[in-house]
Structures are given as C-alpha cells and as structure tokens.
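Chain IDs A, B, C and D follow the sequence of writing; residue 1 opens each chain.
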C-alpha cells in the first residue's frame, strides 16, 4: 500500500476484452485502489492503456511489472495456461494476486500452486469466480446463511451461452479444457459455496455436440449435463451450453428443507417488457459481460478492501476452492469420456 | 324446478357465438340444470341446437318459450336492445332470469326494469358480469373480504381488445353505447364490487379514435380513459381499448392500505414460455372468450345453485348493480363528449 | 358403443380420491360418453356413487363389471399392483381399457401385458400419463412438431410435491416402486414424447432422504435427480421431490437448436399477484390435482373420441410407451442403489 | 474546462442524502469530470466531504463557490425553494448548471428562469429528471424512436412510494407543492418525452388522504390520480402514492398503435426469486434511491459529456421541459382542489 495515499497500488496483466473491463474498474471505480501499472505483450493493448487509463507505467514483460516495487498487487487476466506460474511468481515477488479463473486445467499444477501459496499466508490470493460478487447471488447466499430456506441440499446451476456462429470456442476447444472445466466450473463453485463446501463424492456427466461437430475431435461437446453427489446427502445438477438462442442464461437454484431460491432465471436484459403481436416478452442478456458487469466491479472492490483491511481470508474463492472446483470439473470430463460415474 | 328430477329447467334465448357457449355449459356442465328449451329466430341456429344440444324444445318466438310451463328459468343472450323488455316479460311469466350485460343503455329503461323486478322478489334476476365468477377475480374478492390488503381504496381496471381490422365494433358503434358502456361497464362493476359498493360522486373521461376514424361520427373512440371518484375517498381509474396488438388484456388491480392485488395482468394464454432469439415470451389470450371461459361456466353454475337453494340474493350482479354501472358509464360518455367532469 | 345413443358406455373401477374425479368427468363432462357402471369393493365408495353419479350399475367385484355386456370400456383407477392383470382381463372381456399409471412396476409383467394386448389390436389400451393432455404441454408439443425450436435435444423435467408432514408416501414406499418409478416416470414419458421417442442408452441417478428418514429402509429417497442419455445425442435431466415448501411444482423444459420451451414453471395457482410488505408474489398449486384438473378431463375426452372414431392409435401413451418409461425408471432405481450408471 | 486536464471542473451544492450520492458519482465515476468544489452551510456535511471526497475546495456560501473561477459547472442539490434563483446566479456567473427537480413550484418564477437562461445559449442548463437516464427508460425511448410500437398515443405512469410511517412528507407538505408537483411531475416529464412533446390541453385529478390525515390541511393527498389530454389525441394517466406496502414502485407504460412497452413494472429488488410456503415472490426496491441508482450516475455522465462536446442541446430535460411539467402538475393540483377539469 502506498504510504502516502493509503491506496493499494495495482498492476493489471493482460488487456484483452475482459482485461480492459477490469482495468477500467480498477482505475476509476474501486475505492482504495490506484491502478499504477499495466502489462501486455501486445502493443495495441498498451496503446489502449495510454489513452484510456490514468498515468500508469506500461510493461510488455510480466517480470518487469513484478520487479516494480511500487506495485502492491497484481491482477491477472492472461491466457489460462499462464495462470499457475504467474500466480506463483507474483507471490514470490511479495505481491497479492487476483487471477481470473481457471487456476489451471491440470490438477497437479493446481496442487503445486496451492502448496506454494501456503508459504505466503500474509498475501491475498483469490481466483475470480465473479458470481460470488453478483448482488443477487450475494443476496441468496445471505438468505441461506440466515436460515431462510432451512438446510440447503440441492443446487441446480447452469452456464449457457448464446450460440456463437463464429465458432470461437471450437477453435478454443484444444486449450479450454472442455465445457465442464470452462463453463461448469463456475457452477461447481456456486454449488460448493451455497451448500457450505461439502466434499464431492461422485460425478456423472453426459453431453452432445448438437451444432458444433468440430468439437468432437477434442472430446468436447456443446451441451453438457452433470450430477455431483456430495457428502451428507447434498446434490448438484449442472447444465452447460454453447448453443442457446435467447442469450447468455446463467442462473442457479438452491433448494432447502423449507424453501428455495432462484438466482437469475429469465435473464432479463433490463426492466422493459414488450407487448406486441407475438405476446409479452423481455429481451435477454446477450453475454456474461452484460449479465455480470456489476459482479466484476464488486469483486475488485472486495479484493482491494480485503487487502487493505489486512485480513488473511480471501475476499472470494480461495485457491483451495479453485482446486476443488477443478477436481470436480475434471472428473466430469472423465465421466463424459468414459460413460461411467467417477468416484472422487 | 322439475319435481321429478330436482333439476332447474332452463330455456336459452339467442344462439349466436356466445349463446352457443352458454347453451353448451347449461346442457352438459352445470350440476342441477337441465336445458330443456332453446329459442332463436334464426333457423340455422335452431339447426345447430338440434345437433349439439340434448333433447330440447325449440322455439322461434320468445313468447312461445315463455308460455312453456316446463321452463323454470330463462337465459338471455339476445341483442342488447331487447334485454330490458325480455327481462320484464320473463318475470311476468314467473320465470327466473339471467341476462347477458348490458341491462339497457338507457337509464330510464334500467330504472323501469328495476322497479318491475321489485314486484317479484322470489325470482332470481341476474345480469351477466361474468368477471365476478372468474376464479382469480373471486380469489381477489375473498382476500379483500379477509382483510389481506387492509382497506381497499383504489381500483385500476381495464378492458382492452385485440385490434380487429375487420372493424366489427365500428359497424356496431351506433348501437353499442360507446366504449365506456360497452367495455368499461365491466370494469365499473368490478370496481364497485371490490371496493364495497361505494356511491359514485364524479367522473371524468377522455379518449381518442387512434386507428378507427369511423367511430367519430358516433361520438365514440377506440381508446378511452376515465376516473371515477366514489364517496369515502375511494377512487377508480379505467382504460378501454379496441386496438391492442398483443391480445385481449382484461385485468384489474385493487390497492389497499396494507397491500394490493392484481388480477390477470400479463394475459398469458397458457403455461408455456417461449425462449428464442427475440427473448423470453408468453403468448396472450386473443379474446375475452379465451380469457373468461371458466367464468362463463361458473356464473351458470352459481345462478342455478342460487335458484335451487331458494335464496333471494342474486348469484352475481343484481339488477341494481347493473343500473349503477350503467349510470356511471353513461356519465363517462357524457364527460367524453363535453370535456368536463360530470357530477353524479 | 350403444347402438341406441351412439355413446360409449363406460365402467369405472376404483372410486378413491382420483377415481371420484374421473367418475365425475366421465359422467358429466365427456361428450360421447355414458358412465353406466362403477365398481368398488368399498361400500362407502359405492354409496358416494349412488349419490353423485347418474344412474349407474354398481359392482363390488371387477369380474361382474367385466361380465356386464352393456359396458364397452373400463376405466381403471385401482391400486397399482392390480393394473397389469386388470388390463389383461379387460381385453379378454373385449373391452377397451384406460388405466391410470403405472402399468406395472415389474418389467416382466409389463412385457406380458404388452404381448397380450398385441392380440387385441382393435381395442384401445391407454395408460394415463395425463400430462400429454394438459393444454400447455400440448401447445409445447405442437410447437415442437411445427419446428418452432429447431431440433429438440434436451428435456429437463420435474415432478415435485409439497412436503406432506403426514408422511403418506413413506407408508406407501414399500409398494410405490420408489421416487423414480412413482414420480419421475411421468417426466420420462414427457421427455420421450417431446424428443420424438428416442431409445434410452444409459441412466444415472442419485438422491437423498432429506426430511423423511423412514424411506431409507425401502432404499428410497425423498429427493432424487437423474440423467438419461438417449440415442442420437438426446438428453434428459430429471428431478423428483417430496419435500417442496411452495407446492406441487411439476414443470418441463425442452431445448432445441433454435429455441426452447418451458411448460409450467412457476406453478401459479391462478392469475392473482399479491403485493405486500414481503414483495410481489403468486400462490402455487398445492397438488397435482389442482395443476392437472383440465388434463384429467381432456384425457378422458380424447380416449372416448379415439374409441368412437374407430382408430387404432391410442389417444395418449400406449402400453409400449408405458413399458419403456418403466424400463428407464427401473434403471434409475438400480443406479440409485448401485451408485453407478446403468446401461439399457 | 481545465486546459491542463481537459476535465470539467464541477462544484456541488448541497450535501444531504441525495447530494452525497451525486458527489460520489461526480468524484469517482464520471469520466471527464473533476469534482473540485463543494458547498454546504452545514458543518457536518462539509466534514463528510473532507473525508469522502477527493481534494475539493469547501464553501459554506454559494456566492463564494460561484466566485471560484476554477469551477466550470455547478450541480445543485439544494432545497427546492432555492433552485430558481441559484440557477440564474450560476448562469450569471458563467457556469453550466445542473439542478435537481423541481425548477420551481411557482410558474411565474419558472418562466423568469427560462427567459433569463435564453440569454446564455452557450451554457448547459438541465433539470434532473433522472428517469430519462435510466437504462430501461432509455431503451424504451429508443424503441419508440425506432418505430417498434407504431405511433405512441397513451402513457400510463406512476410514482408510488413505500408508506413512510415516520410521516416525513406530511411535515414536508407545506412546501412540497403537493403530490402532483412533487411526484407526478416525473411522470409528466416521462409522458411528454415518450409521446414526442405534445402540448397539454386539459387535465383532471382526484385523490384522497388514505392514511395520512395531516395532509388535508395543506390541501394535499397521499394518493392521487390524474388524466392529461394532449393535442393530437394523445393521452396520459397518472398515479402517485405515498402509501404502498411493497416498496417504491415507479413504472411507466407507453401504448402505441402496434405494440406497447412497460418499463419497470414489478419493482424487483434484484434477480432473486424466493419459493416458500407463501408462494413464489421477489422483493421490491424500497426507495427511488435503490431503483434509480444507475440513472443518477448516467445523468451525471451525460451532462458532463454534453458540456465537453460543446453542444447546446441539454443532455436531459431542458428548462422548457421543466416549465411545461410544472404547468401541467400545477393544473392537476388546481383540478384536485376544484373538482373540475382544468383547461391549459
């Protein structure tokens, strides 16, 4: 933290589409934060930073940013395959670290990061499961904590994207880890969070490539379903899709012994209803960007507040949470490929 | 009532579109009723009756049906201009009578029927404000009675039809009494019923012929709005339209000191929601027939039950209720034409 | 069919709660049907029939009803364990037969009935999966047939009951077949129907006894989830529950390549919305009786119409459909008990 | 504008509850703006500014702030009775001005400000009808502009607050101008905006003090309804209330010749639905602060962008719009008091 201003000096790494959004938040909308540095190997992205961000030091090499002693924390929005090593490097450099999900698609590497981080208990290390910061998910979590639905025992959660005829995710399939590790991992984290972090016992998954045949060569599907059994009789059902017609429809339901909460069903774009010859309708959020705009902001605010308060508890999902979500997602992928239930 | 069967012997008069529906209900779906006679001057309608109804005696002259001593009650679905005299004739013939709304468009004639009916207190005489028998309106009424919204003080109610490009109601404008007496009269009855029958003090109305210029020569409009002030600080707002795009949207709202009830907003056709590239939508009820199918049945059941139980209270709207609704609707028409509030 | 009246002469068997409802429909609300006989071993139920039904011949023995030559079709609302033999007996007696689900909980017995029925192709034999006759499910089916959602590939469907503190279904657990054969069998039929009858390949199920420990001794659960994979990349997810707080919430969703349809989500009791200090809410259907009242009527009308038209196609679910639903449900039960996916 | 930074240097005046919110937006969330000064006669509010705002010059006297040559624009969140003179003073001092509604409750004073402002066409002067900046209202406006509902002809709009048992607005009644000038003035502006600024011809209003008797001595009501007729057959209906049970329910509907749009009906607090023994419900926005949080931010962004772009068109409601809304609201108040329609 800057002794002069009391603000947390942040360095953002990666300025793609999502990185730009995070940068704007950190620069202008997070009390207590000062975005002092940015890093991208792409000249065009650094040019954007020169225009759009307040006076920040720009780097094209991550090592240089880590060497910047006026940076207290790094914010990683880089390709997934780099996450694990970059987190470890940040911790080695004595910096707090926020990293976009996933931690890693490789369980062994996840475990390695977890072990390494244990050596730096005074440093905040959080994985960006932003749904935990969406105000509606947050409200549901608090209602559950307050006992409003009794004992929660079942989560049904989905991450479904509007069909992308451009097929970006098909090209991305080789490195995405497949639909369960790319999409459902969010729902797995939601389920664990809302059910009180029960240990997973067994998963079963199935799926189909309904519109995007190109996924098959990667063992991937564009629509996947899964069940996860946890200890203590808790359950979760998941659905992930790349082919929805109406928009990005990311929602969750948690059922308890005396009630249930649904978060985000009918992904209304806004508060407008349209009455016309086709009926009464609302438009839908086209992408997760539109749906989770506030969540991205609030997770940044929470991270900064957590560091500034000096507490050791991560503001959102811990590395251990991320490892567990990856373990479950990887088991789903295995189940999909094998056609059998997988015991964890 | 038939001494042999204990059933109320009904004669239906008028077998147009709505008459056929009532006939089907009375013939097959009303416990305690026997449809024993039908009357229509139209041979085609009588032919329908021969096919579709159980053994009923058919008449082409209303007087002949009234002379049928095996008929206990008549059910009038005739042109509005005939209602008043036909009700009086039925009472003179010693028969209970149900008559589709309106009682009459002419207030003096309304009063005459009311006076005449007072001489036959043992005969049931009901005007068909079917909304009182719709299960959802009934539920709202009962919740109000039970104090669930505190003291009700404001009703907002509307009767709005899907635009009819055929322009039936333009041709009908000469005899319809105008939009307030034809449509809003239902909402007026709803407001009085839900607010506890307060006395109306003043009305103001306005409107426009938005799509159907032909209405202007009749002093009528295709969209009308009105306010009615009742004694005791109770209020009502009304909207009537002939030009809706999405369907027949007939709904009401009643606001009380500790809550409010809305009946029928979003006129869902059924329980299906459609998710597609335009958003999330439901289709709507195209006509009041679709919306109030159950209400037409239940009002018939209530009428028959009321007569069989021997009580003197009308099952639904009494003649006096119909007179009062007509008085208020006529004042709205006057207000529309004069551009001033009308004191009742 | 009665030569004199052209009506199908029906005999109902079993006059419990659901039987009474069917009897009322057949007696008064099904064009072309005449309820001429009823059978129950319970004197109290026969007494009810004497009061509530039109002149019907009453039997206390099923064999006597089958011997009644003036009965064209039987309508079975008897205990599940009797269904299979009663269907066979009805066919042997030359009578059309409608039977409430399930056909049988035992697959071998199901197959036996199927084989027997094949010898009577001129007789209508239908199992009562009433959801096929619910107007909203029917609308969804027709929209799918019309290509409105492209190619359907995923069904999510649930049958969830309001929690019954009385624990009826715990006492019933010994003979119910468990939650998947008792409840989910409806959803399985819906999925097969809406997906075009694909062949099931594999199922996985899980569950927990969340509130009703007494189920455990029967290997049953009060909340169960399942996935079914069909040939051709089609999928289904199911949820069944005995413990909902808000009511009977039976709904289905079908997802296609260009849209999706949801049938019955938010199990609104009626068209009333309540605004009060707790928010904006609607009440819910307490039981499947309330939700499917129309469906029970329409399935009776469809059965009678199918017989009278002389066609050989069953009006709703055929015996073969019922066998297949049972096969899938039984595999789910096996999966639940074994903790492994079951290949069909 | 600061030559050095290119940012618009703002001075905020008034730091009550709403002023604090505006100050936070201007300080941290409006690109292109620098909040450089704040003014309040209340020491406590200035103390808040010292803590919460970035380095701003603090004044206790409005004249001193106007004399600050490093202030380009003032942002007035002061008591209503001061607005008119403070706007004029700001313009005299060569500063752009944003002022919270109302311009003035006195029509003559409104006209005087309008005339004065005409002498400063290069200065931006906007009245804070924030609903124009709410994303959902904005979406509706754009859909209307794009012809999605044909020709709009009727607006129904309401401003209804959750009942305040503390009775703040009763104490405020002497100076609020009454419910129509205090609340409905927003809806009037919405109606004019969405209907294309038609000229008002006639209004009628009615109301009642349902829960707050203390309003009567001020000629005010806690529930008011009104109709406004515009030229060209356009219409508006309004409802204002201080006594809602469920929350602040501010919504609008615009009906056109080929469709309708509803903005904000069912004032959902967030995306959570609660399923419990009372049914399915959502919680509601308790106050306009919660409902219009984004709108307050976006109106600030739009104001600043408009000034920086050098255009002369006001970003939102012009002074002339505010004058017209006041004229109509004042006529409603007159109609309420007189019990007659008022011609404009």
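We take it that a contact is a pair of C-beta atoms (placed from the backbone, for glycine too) under 8 Å apart; a residue touches a chain by one contact, two chains touch by 3 or more.
Bear in mind that the values here come from a model prediction, so they are computed numbers and not experimental data.
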item: Chain whose average C-alpha position is farthest from chain B's own; value: A
item: Between A-C and C-D, the pair with more C-beta contacts; value: A-C
item: Where chain A and chain C are represented by their mean Cα positions, the distance between them in whole Å; value: 42
item: Computed distance of Cα centres, chain D from chain C, in Å; value: 57
item: Numbers and ranges of chain C residues touching at least 2 other chains; value: 149, 244-246, 258-260, 265, 268-269, 274-277
item: Chain D - residues contacting chain C, complex; value: 244-247, 249, 266-269, 274-284
item: In the complex, chain A residues that touch chain D; value: 28-29, 31, 134-136, 139-140, 143, 148-149, 251, 258-265, 268-277
item: Chain D residues touching chain B - in the complex, by the definition given at the top; value: 149, 151, 153-154, 156, 202, 204, 206-211, 223, 225-227, 229, 233-235, 237, 239, 241, 243-246, 255, 257-260, 339-341
